[in-house]
Structure formats: C-alpha cells, structure tokens
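For clarity, chains are labelled A, B and C in written order, and residue numbers in each chain start from 1.
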Amino acid sequence: MNETALHARKRIEIVVEAKRADDVTELLDRLGATGWTVLPVAQGRGRQGIRQSGDLSGVLDNVLILCIGSAGLAERVLAAREELLGARPAIVSVSECQVLRGERFG
Amino acid sequence: MNETALHARKRIEIVVEAKRADDVTELLDRLGATGWTVLPVAQGRGRQGIRQSGDLSGVLDNVLILCIGSAGLAERVLAAREELLGARPAIVSVSECQVLRGERFG
Amino acid sequence: MNETALHARKRIEIVVEAKRADDVTELLDRLGATGWTVLPVAQGRGRQGIRQSGDLSGVLDNVLILCIGSAGLAERVLAAREELLGARPAIVSVSECQVLRGERFG
C-alpha cells in the first residue's frame, strides 16, 4: 500500500429513518463533517420488526448515512450522543479506513 | 474516541441475488442476529459477468445485506458456511467496527 | 472466528458521479478486480454542495462502488491515482476486511 497517499480516517455509518435523516446530516454538518453520503435502504429488521421501503406512508423507510472524517469528528459525533440518539438511529457504527486526499475529510 | 460508549462488533456484509436475500436474512435471524439492513444494488460484476438492476425478469438484481453483531454471531454465520453458500452469495465479508448501544447488537 | 475460512482482503469504496462510474469500473477491471458492486446514492454533500438523486438532468446522481480485492489490487488502484482521480471521485477509501472464498477476490 502506498502509505504516503493514504490518510487514516474514521468511517461513520448511521442507519436511521428517512424522515429523520436531515436531523443527522445537519448534526454532522454542525460538527464539522466535510461531506456525507445517503444510501437508500430496501428493507431492514431491527427492534421494531421488519421495515420495508416503498410503503405508502413512507414512514417506514430507512436510509444509511455514510460519513468519513477525522478521529476528532468521530469523537464529536459520539460526544453528541444524546442529540444523535434523539434521531433514533437503528445503528451508529464507526470503523477504520484510509482515504486518498485526506485534506478533504476534516 | 469515547471508548466507554463504543463496543467492538463485527460488520458482516453479504452481496446476494435479491431473490435469495430472504434465505440469508432468515439464516441471520435463526443464528441470533438482532437486526440487518438490505441495500439495493444498481449494478455488479462478478464471476457471472455484469448484472444490471431493473432488467425485466428481475432475476439479475442483487442486494447488499449488512448485519452488525457480536463476534459470536459472526462465528455462527461462518460456521453455517455451507447453508450460507447455498444461497450463492457473491460476497461474504467481515470487518471490525465499533457501535453505540452495544446491547442492541447481540 | 474460523480463521481458516477467512482471507484478509481490502475493501475499496469509491463514491463518484454516476456518469463517471463506468470510468472507475473499467479501471478496476483493467487492474485485475474480479468483481465490483455499484450501489445507488440518494443524496450527498461534498465540496460542491448537496447532490440529490433524481434531478431531471441526472448529472447530480452519485453512486457508491464497492470492490473487494487483494492488497495488490488496492496498491494498483492507488498507484493509478492520477487516472482514478480523473474520474473525480468524491471519496476513495480503503479498509480491511476478511472474506469467505478468498480465491474469488484476486
């Protein structure tokens, strides 16, 4: 691996109801995220049973929000735990990754 | 990182034909997964060539199933290798992650 | 974890404009990737502001390309950095994973 080109960052992955996604992305923005990506979810099972996308009301739709940032950003996200959990995410997970152009992931 | 808030878990990622996704999620349920998330796939290339979503038959659609759980769950999933591979997944990968509210990821 | 069944690989994740996705997957093919998976993106924010899928022009759509391969493949992808960045990906990240049937991920 060309280590000089790669920069260690945190990969934050949040699964949340689609209707609450804006709460999460606004929180990420406020905490200094330089970007995020929202992926649609087709189906999920969690504590509330199975959720299926495309139901008429749309209230059961989930999305997956991916945000890559510095260790400091991940710390701030986790420190905002109460506010984050107020959006009732099903999953908040953090893993290690390495990125090209680290300056883009504050 | 606020380590006290984070719990080490395994992130299991499985890409499989959409028509076989239920076989995989039922297996995950049976092995004790507390939840899983299914993401749609737009296109893929694997050993059988390119797959494109939205073909009329639908038989070429893939999905990505994400399941976060304990090391024990990951072990049980891998031990059920024969049954899992019976669903002919294109990818079964496991990586490390840390989650908030670890008690939700058995 | 049944280590004998698992093989260490690299998980390469690239977020790029949908219209440039073919450039990236063709590069991956050329560098020896044995497969890749393209996931649709619903929304994203990066340096160019918010992107929303489904705009009439389609030019703002992003996709997420997932490719699992050997450390050698990841090295070749990163060594092709100039060509890869020519497709202007928003994110190029690499993380560690373990896969079943490692021979399928060259």
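Couple of notes before you dig in:
Heads up, the rule we're going with is that a residue touches a chain if its C-beta (ideal position, glycine included) is under 8 Å from a C-beta of that chain, and two chains touch if they have at least 3 such contacts.
Just so you know, these numbers come straight off a predicted model, no measurement behind them.
For the self-contact between chain A and chain C, the two sides draw on mostly distinct residue numbers; the shared fraction is below half.
Fitting chain A to chain B on C-alpha positions gives a rotation angle of 120 degrees, to the nearest 5.
Centre to centre, using the average C-alpha position, chain A and chain C are separated by 18 Å. Counting only residues that touch two or more partner chains, chain A has 39-40, 95-96.
Per the touch definition, chain A reaches chain C in the complex via residues 1-2, 5-6, 9, 11, 21, 25, 29, 34-40, 63, 66, 68, 95-101, 104.
Chain B makes touch with chain C in their complex at residues 13, 15, 39-47, 62, 64, 71, 74-75, 78-79, 81, 84-85, 90-96.
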